[in-house]
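Below you'll find the structures, each written out as structure tokens.
Next, two complexes with subunit A in common: one pairs it with subunit B, the other with subunit C.
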Partner chain A sequence: MSQRKRVSTSQSSSQNKRPASLSLTATNDDDDSMFTLPSTSQVLKGLENLTEEQVYQKTAEVLQYFLVRDQKKIPIRRADIMKHVVKDYRNIYPEIIKRTARTLDQVFGLKLVEIDTKNHTYILINKLEEPEGMTSSSGPANLKSGLLFVVLGLIFMKGGFVRENLIWNLLKKLHVDIGQKHNDFGDVKKLITEEFVRQRYLEYVKIPHTEPVEHEFCWGQRADVEVSKVKILELMAQLHKDRPESWSQQYKEAHSALSTSSQATSSSQR
Partner chain B sequence: MRKSKGPGPDTGDDAEVEPDEQQDGDSDPGQRREIRSKYRELICSVQQNREDLLSPQNNHLTEVLEKANRLFKDVQQTREAVLDSQLLVVTTDLGKEKASQMLSDGTAFDHIVFAENLLSFMGLNRLEEGEEEQQNGGAVDGYLPQDAWQRVAQWSQCCFKTAPTFHYMMGSFHTEPPPPKQKVERQRKAPTKEVKRIMPTQLKKMEESQHEATEKEVERILGYLKSYHHDDPTSPISYYEFVIDPDSFSRTVENIFHTSFLIRDGLAQMYLDDEKLPCIAPSEDVEGATADSQSRQQCIVSINYKEWKDLIEVFEIKNGMIQPANTLIE
Partner chain C sequence: MSQQMDNSHRKFLQSMMTNGIVDEQRAAMLYQQCCDTYKTKCLPDKLNDFIDTINSKLQPLFMQIRKGWSEEDGQQHYALVNVAETDISRMSSDYADYELVLFRKTIELIVVSETGQASSTDILNSTDTMTTKKLKKSETEHLLNRLVRDKWLTEKRGEYSLSTRCVIEMEPYIRTMYQEQLKMCHICHNIAFQCQICENPTCCIKIHNPCVARYFKNKSEPRCPACDDFWPHEIPEIHQPLSQSK
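And now, the complex of A and B:
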């Protein structure tokens, strides 16, 4: 793959050699809604005006952008990709994103998923199965995933929605008090209600007609594609020394979600 | 249902009398007030005893609904009906919660058991904790091993298909550059204010510093005058000898200028000696300084380049009595 080599080439070098032949109605848009995807014929036309080299270069830049932005695990907005990387190449955007997804898939073993088709946000998920008994990466970054497992697990086992008080209550039993700074997690409430929400692992929803206002949690868009309900149920069973099937409702949901989510993710990838 | 009149869904204000109340004989304001207060009581009790109502062992929710039904029989106006619907919202919420409890039929998921099992998994030291845990609802800290959450994270890793993130081998390079953005905002806002603010302060400073410089110089010269006078109080100090700097005409002019302040402020006095030549001395030593202060005289000292040269020659001045300020600093 020739893209692989160019991942390392610097961004600035390419920006100078923008194709002069492109005349675009490039509005300085923060607003992605203004952008309509060019049609296939438009893309083809756009590609005619560009050398293969230029398209590769742009793809490599988008790819690098994805990899760097993914470090924070906050979904990446299409509008940002347009504004910061694609720029004048927006008329061939579908081609660029297609190539980027292919490289991510074939070279990095990652899957590009558009989790929000309305606001056009993307995330990367790992395609590779973790080998049994492999403790691949152990670091402080993963500590949070333990907490996330507890929260997501509780929500899932409780039927999809959980009042925040129940979560705080559970965490308190696990010696994580939201009123105190935790050694591993710092400000736990902030982590759960802000970071996890921004990363789209969780949704934090106001319950209507509550006085004082109460919130409940449910799974976020990222969790839906990134976290396996089947596996969670298996771990829960392991923990309770029980069989996954004994929670019939959850078992049904986990296995039905498995089939639909795999369809959804494959179709959302352009 | 009655036609709705008045200020719509107003649930609180009892004092207000609606115009249609008098027309309809069947609505007694007192009775209405009673209904409203009962509704509020009911809503309040539902909200406060939420957890009790949720428990599957009792039938409180049905009781509440029956009570509400009885109340509704007497409801004839909008305001009471609004309260009834408010109660409905609260009870529906409860009903939903109860329904979700039922959802996990067979084995319901108990978060307390979950917590217990997780704690065991994390390696909780139960021997020490046992009793205390019951007292404090398990909030006691310090009995979990350091790597408790590490264990959970490692164990639950298989649930996550999280893409591994790469990191730069050679130290840190922050992925996002937010500082520049902030700078832009600051620069946009700040200048308009700061320019306005700085301008006057700058001017003030200029004046002040000049003024201060003059004052300092005047004091410095007074110091010279005093020290020369102190060295030899009997011999008068010739004004020209004091003021003239043989190396610099401009410094001479400055000296004259600064000395004039001493005279003006009464710190020094000038007089003519026997040869009708001007002499200068610090005020306190001049005879009748205070008495003479009333009969002050003003005069103008003028000097030009030629006069300066002549004076140097006549007085045979080789060294200035006042050292230039710059050399002092050095």
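And now, the complex of A and C:
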């Protein structure tokens, strides 16, 4: 077989365009704490040294990075964005993030949310739909979100924090036993305490001063922004064959949350 | 004047991100669904305008929904592609540099082959010449599986070929890199990878399988459209337009 040797030289040309003098802080890319957010004047100064095209290009790269990560529902750390994409453009980072968020919103219908302002972690929320509900029941993804909804529901009905043993007992009543491998969910405990936690639907926290250590669950940041409490209450009412209004406190909370969140969404739409 | 995007466009784009590539029928269906959901006007013959509106917003992001033809089934497809570089930059967040080196090698093997295919053995052997990082056999196989799963390659009985999505997205790259080695289909004039070849050594034209099926349909004795020699290959059935996303 004849093999013509043609070495690929067309490496991403954006790498070559990068001005070397722009690097502002932090030599250690892994350590986000080294990064201090540039001030507005620093950003403006940084923008002066760049062409609009360069800023566009970098914004596009950051945006694609978000899209790819989001496909796996992995929260995105600012440190990783810096290290893998922003690189020498860190002095205009606030401008890049602003443009990225605007484009995600206007073109893709996705909302960029910083769920952890201490560690600077972002997720994308789909503004066009609720997470798949319980009504359509095909495929393992939907079954999983069904389970997730039930767990979120139990937490909501019990006032926000629930010891894990209580969750396991309640699930057992619904024929989901963490001691056994489940046909659809596999290792249920792993799914709930690891996958849902990693996706930020749930938080799984140690209860202080417990020996042996006990954990409790509460809603994770993604659930807070993505999941409708009204829907959750409806689901729980269905399970109890009752009306949502029967739980007056939860009903009130769900509907007050609804009005504030819908305000927030409409104000962010331009 | 390009139109403004509304939620039906955004929903369509989201589906394209999930699917990567859809055939024409499925695109039309998606278009209908998105318009129904957001109660916007859906004109069956306006799918391309609808996509143009999305593309006008994707252009500054170096992305595009590109229409292309599949040499597997002869159908039009739409793929969400990256136009930033003629290289394979879109994949750089999913694949390590040395993995992309192997992918480039695989593309090369497929392009220079007669059949539009490269066997796993050939690909494995080509890793010996890689200077970046030596890949173990198991690593190479794992990588090839990922490339198939991510719809860059297709695999049949140990033979790898370029997926429709890959051809649509990488065509500019392949044209730049392998201009001299590329052969066009004698019938449709698109690049021909998987195809039949005229066995007359002075002719050697290539015709895609779906193009063979259409061209020789109802012809009692198939002859090469270029040199008029007997066409010795099996004439495939015409592919029925079936809507399927896989």
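As a working rule, the second predicted complex is superposed on the first by the 219 of 270 C-alpha atoms of A that agree within 3 Å, B and C clash if a C-alpha of one lies under 4 Å from a C-alpha of the other, contacts with A are read in each partner's own complex, and residues count from 1 in each chain.
Note that contacts are C-beta pairs under 8 Å (C-beta built on N, C-alpha and C of every residue); 3 or more make two chains touch, one makes a residue touch a chain.
Quantities reported herein were computed from a predicted structural model and do not represent experimental measurements.
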Just subunit B (first), just subunit C (second), both, or neither: which does A:His175 touch?
first
Should A:Phe161 be classified as contacting the first partner (subunit B), the second (subunit C), both, or neither?
first
So in the superposed three-chain picture, is A:Gly186 touching just subunit B, just subunit C, both, or none of them (first/second/both/neither)?
neither
Contacts of A:Ala60 with subunit B and subunit C, given as first, second, both or neither:
second
Touching partner for A:Leu239 - first (subunit B), second (subunit C), both, neither:
first
Give one of first, second, both or neither to describe whether A:Ser228 is in contact with subunit B, with subunit C, with both, or with none.
first
Contacts for A:Val107 in the overlay, against subunit B (first) and subunit C (second): which applies, first, second, both or neither?
second
Could you look at A:Asn126 and tell me whether it touches subunit B, subunit C, both or neither (first, second, both, neither)?
both
Between subunit B (first) and subunit C (second), which, if any, makes contact with A:Gln71: first, second, both or neither?
both
Mind telling me which of the two, subunit B or subunit C, contacts the most residues of subunit A?
B
Of the residues on subunit A, which ones does subunit B touch that subunit C also touches?
67-69, 71, 126
Show me the residue ranges of subunit C that touch subunit A in the complex, using the header's touch definition.
5, 7, 10-11, 13-14, 17-18, 54, 57-58, 60-63, 82, 84-87, 89-90, 92-94, 104, 108-109, 112-113, 122, 173, 176-178, 180-181
Quick check: in the complex, which residue numbers of subunit A touch subunit C?
1-4, 6, 8, 10-14, 56-57, 59-60, 63-65, 67-69, 71, 84, 103, 106-109, 126, 128
In the complex, subunit A touches subunit B at residues 67-73, 110, 123-127, 130, 135-138, 141-150, 152-154, 157-159, 161, 166, 169-170, 172-175, 177, 184-185, 207, 209-211, 225-228, 231-232, 235-236, 239-240, 242, 246-250
In the complex, subunit B touches subunit A at residues 47, 89-90, 93, 100, 103-107, 109, 111-119, 121-122, 137-141, 143-144, 148-167, 175-176
